[in-house]
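Dropping a structure here in C-alpha cells format, bear with me for questions.
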C-alpha cells in the first residue's frame, strides 16, 4: 500500500520503518532534516514537503507532538490551506499523536466532509515498543475505518483496542495515563512510607504486588532502585518515559476534565506533583523518579 | 494445640472456627455474649473472661478493633494488670488486629520481657477469606516466632508474608491499604472521566486493565456498576470493605506518616475523600462507592 | 464619548447603564433580545448587530462569557470577518470578560496591527458592584491605553489596578480567584474541624480572623451560616458567586498553569473539590456552600 | 504571686522573664541546664527539679514541646508519680504548650480530680512576641479559671481569646495554624503562577491583598523575597516559624481530623507538601520557603 508518514521523531521514525520493512511503499516527511535522513538511510523515500508526501497516498500516518501541530497540519494555520486539501478522496488518515480528543474530532469532521476517512490511534509502549513493533494502539473511529487501518497497525503494534468513536482513542489514552501517573506516585508513597519504617523495599513491593495494592508499577516498573533490574529506577532513572511527557499527558487529562466538568482530585494533584518535580530539575528523568520527592536520603 | 482466641467479630469468629475445625483445642472469649454464643454453637469452648481463656494456652490469637484495645488488653488500662500477667511463659501471642505498628512494638517489648513470644499478623481478604480460610497474613516478628505460628496461620489463611521484625506486618498492611485506597479513587476518576466523554466503562476498563494503568481494582473490584458481576459495585455497593474501614486504615497510614515525617500527598488526600464520602452518608457502603462522588448522575 | 457596549448580561447590563448615566453616548448590543430590551428601557440606544454598534465608536467595551466568544467576536469564526474590521482606526477596546490571558494577547496583537488600542480589564465585585459602580478592575495593557480608559473605568468601578502588559489583567484575576477558591475551602475545613470538636463557629472564626489565619472569607464572607448576617451562607447560599463560576475561574487557572508548566497543588485540588460539589448538585449555589461537603449534618 | 515556670526554651524562657519583670516570684525549671542558667542570669530563681519548683506555687505555667511531655510531666510515665501529686490543692495550672486537645482534656480531668485548676493556653506570635510580651493566647477552660489566669497572661501577651472549655484553646490553635499552612501554600502558588506569566510579584501581591484573595500572608508575611522587607522571605528565610514546626502543627490537625472523622483535603495536602519540603532539606527554614517548591529558578 502507498503510505505517507509524517512526523519522524523517536516514535514516528521506527514506526515508519516497520511499515517500510513490511513491504509498504512509504514516503516520509519531517520538518527536521536529520530525522528524514535517518529513515532515508534505511531505504525509506523522503518527500520535500508534507504536500508532496501525501500525493497518491492511500493511507496517511501522522505522529506529531501536540494538538496545535495536528490541527495546523490538516486544517491550515492562516498561512495557507491545510493538508486535507492535498489528500486524495477516499484515503485513510491514521493520527497516532497524543492530543486533545476535541482536536481529533474537529479534524475528523473536516476530513469526513472532504471524503477522507480519519481515525485517532494514539499509542503506548514507548520507543522500545515502537522499534520492536509491539505498541498498543487505542483507536477512536468507526469499525469500518479501523478494519481498513488494522493491517497497518498490526505492523507497528501488538495490541489494538477499539475505544469508541472518533476521539475515544485519545480519551482512553489520557484516562490510562492519568491513572498511571497516579499509580506511580501512590506506589512511591507506599514504598517510601514502608522504608521510613525500616521495611525492605523488595519485600514490601512483593507483598503489595500480590495483594490488593497490586498494579502495573509493582509488576514491571518499580520506582525504587534495585527492585526491578531493568526498570529505569535501577538505571539512574534514564530512558523510560520522561517526567515532562507524563506532565503533558496529565495536562491533557486536566483539559479534558475541565471541558467535561469532571472531578479528578488525584489526577490533578498528580499533575502538580510532576510539575514540582520538573521545576526541581527532574523533567528529563524517567517519571518514576518522582519517588525522590518523597524519599528521605540515606 | 491449646489455643486461646480473643475477639470474635466478623473476622475473628470464623478464624477461631477454622482453628477449631483443624482439631485444635480452642478456648474463645469476647465481651459480646452473642459473638461467644455463635462460636459455642459450633462446638468451641467459651471462657468467662480473657484471663480464663489464656489459662494453659500455648498460643493466643487476638483480633481486636483498634490500638487502644490491644494495648489495654495486654498491658492493662489502669483498672488492673494486663493479660500478659496471666499468660504462661513461653507461650506465643499472634495479634491479627490492624493497629499502629508502634503499639505492636510496645506490646511485643513487654511480652518479650515477660518471656512471651509475640508477632503481629494483620490480615487482608475480608470476611469471605476469614470463612474460607484463605486470608493473607502480613507478619512482623522473628523467623523463629513466625515458624511456630505458621501451622496455625495456615489453617486460617492461604498466603503468609514475612514483612520484617515486629510491627512490620502492620506497616506492610497499612502501606498496602493506603495504596489500595489511592488505586480505587484513581481508577474511579479515570472511569468517570472516560464516561463523561462518552466511553463505555467496560471497554475503557478492559483497555486500562491490559495497559499501564492496570491494577487490582480493574482486575477484580471495578467500582463502576455492571463491569464485574460479583463486585460490590454490581450489588448496590453492599458487602465488601466498608468506606469507614478504609477510612480507619488510611488514618493509621497518616498517623504513621506523621510519626516518621513521611510525605504521602495522595494517601492523605484519599483519606480526606473517603472522609467526605462518609460525611455524605456512605460510611457503611463498600469503599468502591467513592466513585459516586466523581460520577455525574444519568 | 461615543461608546459601543457588547454583552449585556448580569454584569454587562448594569455596567453599560452606568456609562450611560454618566452622560456617554452608549450604543449597546447583545444576542439576547431581552437583555437589549432591559437597557433600552433605561434609555440606552440598542443596535441591530455588533457591527452596527461599533460604527463611529471611540471606545468599545465587551463583557462576554468565555475565551471563544471574545476570539470569535473580534477575529471572526470562519463565517465572516471579525469585528476588528468594523472598528475605527484609533479606537480603544476595553475587554472586561474573564478569559485566558493568551486569548487577550492574541486579540490585542490583531487589534494593534489594525491600529486599534486594546486592554484587558476583567473585574471582581459581582453584580452588586456592577450595579453600584464599585467594581475592581485588573488591567493589562500599556500605561497610555489605561489612561485613555481610566475615565470610563471610573464610572463603572471604584478600584483600578494596573497589573502589567496585555493579558496581565486576566492573569491577576485568575491568580486572585484561584487564591480565593483555596481560601474558601481552607476556611471551611478549619471551621468544620473546630465545630466537630465542639467549638462555636462564631468564636473560632473571630479568633482566626484576628490571628495568622485571617483572610477575606473570615472578614466578609464566612461560609458557616449565621456568622456573617449578610453573607450568602446566612441566606441559604443564594446570590453571591456561584460554584460553577468559581469552577470556571479555577479551570482558567489550571489552563494557565499547564501552559506555563506551573505547579498549583492546592489550586488544582480546589478545582476538583468545586467540581465534585457541582456534580453533587450545588453548581448554582454560592461557592461558600462548599462547606457542606466537609461539615457533618446535625 | 508565687509562680512555677517549667520549660524554658525559646518561647518559655522569655515568657518566664516577663512574669519575673512584672514582680512575680517566679521559680523556674528546665531539664536543660543552659536554659536554666539563662533566666538565672536575669534574676529568676531556679529549682533543682520540677517537684521543687512547684512547692508552694499558686500558679504553674508550662511550655513543653509535645503531648507526651505534658502527659508525662503531670501524670507520670511509669517511673514515678506525676507532678500533680506535688502541686498544692487550689493552685492553677496554665499549660501553654501546643499539644493534642485530647491530652489537655486528660490532664485537666486528673487535675480537677486533685482539686487543681487547669487551662490550656497555647500561644501564637513567635519568639518575637514572647520577648515583647505581645503573644496571642487561645484559652480553653472555665470562665472562672481564665479570670484567675488573666493577670498573668496579660504580662506575657497582648491578646487573650477564650475559645471554649478545656482543650478548645488547642483546637482553636491548630485550626488557625492549619489554615495558615494552607494560606501560605495557596499564596505561594498564586504568586508563582503570576510570576511565571511575567507579572511583578509586588504588584500582583498588592492587587490580591486588596481583593478577595486578601489574607495574613499577603498582609505581613509575603513568601516572595523582597515584597515585605521584614519578612523571612527577604532574609533568606531565616528566623520566623520553621517548616518543621508548621509540619508538627499540621500533624496535630490531622490527628484531630482522624479522631473526629473530619475531612480536611487542603489541610492534609498542605501537611504532605511541607513534609516533602522538609525531606528536600528545608525543615529548618521559615515555612514561607515552601514557595521554592513551586517557583522556577531564574
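In order of appearance the chains are A, B, C and D, and numbering begins at 1 in each one.
In the analysis below, a residue touches a chain if its C-beta (ideal position, glycine included) is under 8 Å from a C-beta of that chain, and two chains touch if they have at least 3 such contacts.
In this text, all values refer to a predicted model and were calculated from it rather than measured experimentally.
Common neighbours of subunit A and subunit D under the contact definition above: B, C.
With chains reduced to the mean position of their C-alpha atoms, the one farthest from subunit A is D.
Averaging Cα coordinates per chain places subunit B and subunit D 37 Å apart.
Put simply, the C-alpha centre of subunit B and that of subunit C have 50 angstrom between them.
Centre-to-centre spacing of subunit C and subunit D amounts to 39 Å, using the average Cα coordinate of each chain.
Of all residues in subunit C, those touching 2 or more other chains are 257, 261-265, 269, 273, 276, 279, 293-294, 296, listed in ascending order.
Contact topology of the protein chains: fully connected, every pair of chains touching. Here subunit C touches subunit B in the complex through residues 265, 269, 276, 279-280, 293-296, going by the rule given at the top.
Residues 247, 251, 254-255, 257-258, 261-265, 268-269, 271-273, 275-276, 278-279 of subunit A touch subunit C in their complex.
On subunit D, the positions that touch subunit C within their shared complex are 101, 124, 136, 138, 159, 161-165, 167-168, 171-172, 174-180, 182-183, 185-187, 189-194, 196-200, 203-204, 206-208, 210-216, 219, 221, 253, 256-257, 260-267, 269-270, 273, 293-294.
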